[in-house]
Structures are given as structure tokens and as C-alpha cells.
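Paired with chain B in one complex and with chain C in the other, chain A is shared by the two complexes that follow.
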Partner chain A sequence: MITLTINEQKHEVEVDPSTPLLWVLRDKLAMTGTKFGCGIAQCGACTVHINGMAARACVTPVSMVTDAKITTIEGLSTDGSHPVQAAWVAHEVPQCGYCQPGMMMAAAALLTQKPNPTDADIDAAITNICRCGTYPRVRAAIHSIAKT
Partner chain B sequence: MNFALNRRLFLQASTVAGGGFMLGFALPGNEAEAAAAPEVNAWIVIQPDDTVIVRVAHSEMGQGAFTALPMMVAEELNADWAKVKPEFINPTEHVQRNRVWGGTATVGSRAVRTSHEYLRKAGASAREMLIAAAAQQWKVPASEVRAEKSVLTHTPTGRTLSYGKVASAASRMPAPKDVALKPHTEWTILGTPKSRVEIPDKVMGKPVFAIDVRLPDMLFAAIEHSPAFGGKLKSFDEKAVAKMPGVRAVVALADSAVAVVADSYFEASRA
Partner chain C sequence: MLPIEWDRGPNGHVNHADVLAFVKSGLTATDPLEGASEGDVVAAIAKGAKVIEAEYHAPFLSHAPMEPQNATARVSADLVEIWAPTQNIEATLNLAAKAAGVDIGKVKVHPVMAGGGFGRRGGQLEYVPQAVELSMRMGKPVQVIWSREEDIRHDYYRPISSAKFKAAFDAQNNPIAWDTRIAGQSIMSTVNPEALKKGTDLGFLVCFTDNPYDVPNRRVDFGMRNTHVPVGYWRSVNHSQNGYFRECFVDEMAEAAGMDPYQFRRKLLANSPKQLACMDAAAKAAGWGRSLPQGVFQGIAQVDGYGSYVASVVEASVRPDGHPKVHRVVAAIDCGHVVNPDTVKAQTEGAVAWALSAALYGEITIKNGGVEQGNYHDYPMVKMAEMPVVEVVLVPSYDFWGGVGEPGAPPVTPALLNAMYKATGRRIRNLPIVKDSQPRSAD
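Let's turn to the complex of A and B:
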């Protein structure tokens, strides 16, 4: 039995300790907002926060995060009011939307560390892949939050 | 995205399951449905609180169809756009109702290009039925009734009724055989910028993509095939794989691949 703290709630799950956090979230806890993309830490669709830092859940064994505070898109806010979510709505960032939970988690973590990121900071920190090509709006939305 | 049992199917199902209970209300099936949420036609349901549900038969993949297609209906319906609530059709109901919503394939930028005529006609037809229902209630000629922004007005006297008040009666009106569509110079919704309606859900991670669908007792399969084109399957250790956690079956797919079926996708793909 493994105990996890996700979105400020304790969850007990019966899994192999080597199971990636992503699959515990999706398969055991039915939290499907966090997406499976590549499974090899490249695309960022599975990005969550571990103690406030952006992390790729698809390569994070669940045994590594038993003492950590985990935040997923479901916990970024309960009503879509997080500044990143509000900016994403205002700028109509998502197209198909599949990669956007991971994109928003990466953006939220960046803004916590660098409240006024430059384009270079954004490029360096947000390596998430979006097949729809929403990158220009991702940048614009992040800059709009930095200004406020 | 929404595969939940909708109200119509629920009513059908519960009418069958609890027949005696439903009969207790002495309401014929159509009346019960109309009272629940009147379907003016297959595309349009108007609730008593004036919410206009417009059904969408194409998928939303970021191209904006979930917003653009209801705009076509709302334009001819003369609906208040703020009260329009797009809703995906239920695929099961689509089959049960003999594919009442037509083609659902979403491909080649065709959803918007090819849906104009029938969606606008559905909106115009429902608008005429609402006008006819209001005229009947007021006992006036339909030509004296104007429909605008989800409100019906009897022009000579200024009396008004909201769409929600007459939707039930409108749903029992005969559909007009032919309806004239507005010239584009009179459009107030089409051709104007509108916010994409599904975005607030998308920023919360709520949309159910195919990979997110969970059904009772669902199993997951992962397929391993030859990394080289045309490669053949020589052998695989079925016994070793079958012992791994969560694995339910190991299946050879002809002579070219192996599928592992497990309780979760991770367990299947790891095996």
C-alpha cells in the first residue's frame, strides 16, 4: 500500500512501487486530466507539480513521491480561476486541448519561479510539445500574467 | 465527449424498467419527454429556463466546430447566443434514431463547409414552429409574431413570450415544409467573432478524449510488432508474460504481432 498526497488529499493505492505516477493517477485514481503522450519524458503531456516543481509523471516512479506534495491539473484550481487557466481562456490557447493540462502545469511552475519570464525563459522552461502549434498563444498568455 | 445516458434515453429506459411507476402519472411517453425538455426538432431542445441546447454532430478537435455549428442554428432560430448551450450528440441515440443527425465524420475541414444548409434550415424551421405556437396561444395570425433574441413578440400589442414558455407547444407543431433562410446581410451571429465555448472545460482538464474513456470491466491491450517492415513473429514467451501483474491474456495477431491484454494500459505495455 502506497500513500500519496495529491491536490491536498491523501490517497492510498495498491500498486507496484515502480509504477509511474502517471498511471497511478490515470488508472488507479481515475484522474484523467493528466495525459499520456510519449511515455519517455519528451512531450510533457503528463506534467504535474511535485513539491511545486514541474515534473514528467510518466517517468516518475510512484515510490519516489510518497512524501511529496503532488498537484495535477484537477488541483491547479477547483473552478478554473488559477491565473494560468484564466489567461488560457482569455487568449483561447487550447485547440484540441490534449497537451494543455501539461502545458499549463509547466507554465504555472515557471511563473512561480520567474514571475516575469522572457521569451528565452519560456522556451527553456516549457519544452512541452503541442501538435496543434499553440506556442505563440502559450507565450502571449504567459506574458499577460507576468504583466498583471 | 459526452457519452452519458441523456435524458431521452434515460426516459425510454426508465419507462421500460419501471413501467408501472411511469403509468402512475398517466402521461403518454411523448408528453413526459416534452415536459422534461422539449425537443423542437432533432437539433434543438429548449428548456423552460430558455436555455437552448443545440446538438453538434461533429467532433471538436480545436477547429471550432463545437462553436461554429451551433452559431448556424442560432442565427436562423433568432436565439440569444448567450443562452445557447452546445451539446454533443449521443452516438447510441444516433443509431437508435436512424442516424437522424446525418454524417458525423469530422475530416477535411468539412464540418463547417458542408453543414450550413441543413443546420440553418433546422434553426429556421424551429423558429417558425415557435412563432406558430405563440400565435396559437395568443389566437393571432403568425404574421403578427416576431422572433428575436429568444423572445416572441406580438407586434401589434407588444405582448411577449420567451422561447422556453412555448417550446413545449412548438414541439407539437408541424414542421414547415420549406423555410426561407436569411440573407447574410441580416446575420447577427454568423460572421461575428465568438469565444470558443469548450475552452473553459479544456483548461480544467475535463474533456474526455478517447484514451480517457473508462467502461465497466474494461481491459487494455498493448501491441508489440516487428520493428522492421514485413517482419514475422517467430516466438514469444506466453507463460512468462501471463504471470506478470494484471495480465489477462496474450494473443498472437496472425504471424506479425503479439497483443497483451491487461487490467490497465501500463500493465499491458510493460508486459
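Let's turn to the complex of A and C:
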């Protein structure tokens, strides 16, 4: 039995300790906001926060995060009011939307560390893939939060 | 664990060099399929004061949408239910009915949001019958999720193709003939072989059969070369390779004529007012010919398709290792009526990323009959750091309805390659750029 703290709630799950956090979230806990895109830390669709830092859940064995504070897209806010979520709506960022939970988690972590990120900071921190090509709007949305 | 011994099938001996040689043999075939012809191209070329030639190539490409292919099936005695991201509900229904051996009246499809489709989830939905068969055998609902590797290795790829051009000019540098041979794999050979029984696939020659550039003697023909690799509709389809071929060669023609590439296009598009207006809008918004930071150059291209007109100006520089940095893309689009301007802009922005990923990195190669690439590390995408500033100019002429999902992509690649040529003096005629670019030792 493994105990996890996700979005400030404790969860007990019966899984092999090497199971990636992504599949525990999706298959065991039905938290499907976190997406699967590659499974090898290339795309960022599975980005969550581990102790406030952006991390790729597809390559994070669940045994590594038993003592950590995990936040998923479901926990970014209870009502979609997190500044990143509001900016995403205002800039109409998503197209298909599949990469966007990961994008938003990466952006939220960046803004916590650097409330006024430069373009270079954004280039360095947002390494998620968006096949629909929403990058210009992701950038604009992040800057709009920094300004407020 | 059970040791797996793969049978690689009848094409297990085929490697990429074989595929390339086979496709390129279509460039010199003496029995090409007919495309379109005006005037007498052979006689005009024989009379030309100057003749230029060039050969271009475009690789297989995978769709690689962010959400790998998947489907969920629940088969019970009186109902087959499917949950799947699909671009084609009818095809989903038919495939599920066939797999379950029931009438379509006994099938219910629940289409769910698709994490990107780009043509991959159009008609070739083989993960749907997979889920149905598994559900039948296991007697319970089954969700099938392909790995990224399965997704990239079992795609219906953008066709591989090559183009060979010849253009002739008179003594005053006016173009008098333009001959085009396209070689490559017909999409119909995979998605609708019945249509091919008529012998050809004219859709493969788009951009040439409807070439708007006025040159008195023109011809396009087709050396069809269908490989064993399945091909399909990939966002912007045949315009993706033919737009690149044509607009790069138009730049070569402009150079041969001693003209600015924008002005040369203007001259040959005098009778194509929509293309002309759209290109003028892009050139104006970009400031064609403006003074740029040292090392940055502009390239231009225009391609109409899917009922719309798009022209792009790309501003790029080339690093010492030969790789480009794209600074800015200005795209003008005339899609007739505009319903939601923000959607048109978003689609045109996204098309820039789509085209750049392919131009810079995209290539699917074949080894032992199968696809070599498998994930985003060996089939990479443009990410934030490589994404240029994109400015979209809407120039609707409000007298037709055109598409906006596809047409933004085709002009981007040739505009970039044309800008790179100005920076390096070397034409790239083989994609992806990462493979054909060369370190700039000379400067």
C-alpha cells in the first residue's frame, strides 16, 4: 500500500512501487486531467507539481513521491480561477486542448519561481510540445499574468 | 517471458535507400501519367535562351498528434458501443460494425474530444476494430491505448515524393516554359485503391494542375511510385509537398530572370487577383525589403488551397552550423467569409508550428520494412524556444467560403527556404533542413 498526498488529500493505492505516477493518477485515481503523450519525458503532457516544482509524471516512479506534496491540474484551483487558467481563457490558448493541462502546470510553476519571466525564461521553462502550435498564445498568456 | 520472433513480412528486406531509389525512378520514367499541359513545353524549352533545372524531395511524415490513437469498446449481445476520438464518425461506425459482425444499427459511437487529429483520425481507424475484437474475446469493456511508438510506427504517412523542374526563358528573361515531373506515392493507393483503378491520382499534382503563375507553355506529369508504406491525409495533404516544391522553384526562376522574388511573382500573377491581393497584403504587413538586423533575411511564398489563399513572409537567419533561426512569420489569409476572426488567426498560427516542425526535423525512414522513428526524441517537434513571432493578417474578400485548418501551412516552408537561400547562397532542396543544411564554413 502506498500513500500519496495529491491536491492536499491523502490517497492509498495498491500498486507496484515502480509504477509511473501518471498511471496511478489516471488509472487508479481516475484523475484524467494529466495526459499521456510520450512516456519518456519528451512532451510534458503529463506535467504535475511535486513540492511546487514542475515534474513529468510519466517518468516519476510513484515510490519516489510518497513524502511529497503532489498537485495536478485538478488541484490548480477548485473553480478554474487560478491566474494561469484565467489567462488561458482570456487569450483563447487551447486548440485541441490535449497538451494544455501540462502547459498550464508548467506555466504555473514558472510564475511561482519567476513572477516576471522574460522571453528567455519562458523558452527555458516551457519545453512542452503543443502539436496544434499554440506557443505564441501560451507566451502571451504568461506575460499577461506577469504584468498584473 | 515468451521470446518474440517477428516475421517482418514480405517487405522485411526493404530499406530507406530502396524506397528512395524506387520513388526517384519516377522522375525519369518514360511513361509518366498525364497531368495537365498547355502549349508545347518541349519546343519552347528547345528555343529557350536560358534553361534552368532543379530537383526537390519531400520525405514521409507522421501525424504524431499529442493524444496517441485509442478507442474503448463495450460489446454486449445487442449493442456495440465505441468511445473514440475520431474525425470520422461514419467510418468509426462502419469499422466497428464490421469487426463485430453486426448491422450498423446495432452500433453506437460516442465521439470524444480528439487530442489532435490532423487527418490521422479520418478514415484509417484500425484501433477501433482492435478494441471491438478485444472486448468480444474478453467479454468485457476494453480500452486500447497505443503507445507513442505504435502511433508513430503505424501511421498513414504524408507521402514521400520528388519533383523535377525545367524552366526556359527568352532573351529578355521572360519565362516561356515550365515543365514539372512529380514522382511519388499516391494517397489513393492506400485510402481508396478503387479510385486508382482509373489509373492515376490527379490530386497528387495539385499546385501544378491549378498553377496560377502565367507561363505560356506548361506541363505537369506524374511518375507514380507506390511503396509498401501506407500513406494518408496529413494536415494540408498534397499541398504540403507541392507548395514547397513550386514556391522554391519560383524563387529559382525569379533569380534566373534577375528579379526580386516578390516582384517576379507579381508579374506572373497579374491575372490571378486573389493570389495577388493576398500576397501584396503579406508583403505590406511584413515590410518586404525593409532593412533588417544583420544576418536576417526575408523569403516569400504563396499557395492557395482548400478554397483559401495564403501568402507568408518569413524572416530568418542561419547559424554557423547551418540551422535556421526563424524570427518572424507574417501570414495573410483570404478565406472568403470570416466567421470568427480569432479562430482563423489561431489556425494560421498553429499551421506555422506544424510546417516548421516538418521543415526543420520531420522525416520518417524505413528499415527492414518498418518505420525507424518511434517517439518525440527521434521525431522531434518545434517547441516554444524555436517558435517565431507570428502575425496573421486577415484579408477576407467576402465572396466565397474557404477552409482555414490546412492552408496556413504550405507557404511557410518555401518562404523559410527562400529566406535561408538569401542568407547562405545555397538552395536546400531536400527536407528536413536538419539533414540538408551545411555548416557555413565559407563566412
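The rule is short, and it goes like this: the second predicted complex is superposed on the first by the 148 of 148 C-alpha atoms of A that agree within 3 Å, B and C clash if a C-alpha of one lies under 4 Å from a C-alpha of the other, contacts with A are read in each partner's own complex, and residues count from 1 in each chain.
Keep this in mind: a contact is a pair of C-beta atoms (placed from the backbone, for glycine too) under 8 Å apart; a residue touches a chain by one contact, two chains touch by 3 or more.
All values reported here derive from a predicted model rather than from experimental measurement.
After overlaying the two complexes on the shared chain, residue contacts for A:Cys132 are found with chain B and with chain C alike. Legend: residue contacts after superposition of the two complexes on their common chain; A:Asp121 is shown touching neither chain B nor chain C. In the superposition on chain A, A:Pro20 makes contact with chain B only, while chain C stays out of contact range.
Applying the stated contact rule after C-alpha superposition, one finds that A:Glu92 touches each of chain B and chain C. Shared-chain residue A:Phe36: touches chain B and chain C both.
On chain A, the surface touched by chain B in one complex and the surface touched by chain C in the other have residues 35-36, 39, 92, 95-98, 132 in common.
Per the touch definition, chain B reaches chain A in the complex via residues 61-63, 195-196, 198-200, 202-209, 211-212, 214, 245, 264-266, 269.
Looking at the complex, you find that chain C touches chain A at residues 64-68, 113-118, 145, 147-148, 342, 346-347, 349-354, 375-377, 381-385, 387, 389-390. By the touch criterion stated above, chain A contacts chain C in their complex at residues 35-40, 42-43, 45, 92, 95-99, 122-124, 126-139.
Remark: chain A residues 16, 19-20, 22-23, 26-28, 30, 32-36, 39, 72-74, 77, 80, 85, 88-89, 92-98, 100-101, 104, 132 touch chain B in the complex.
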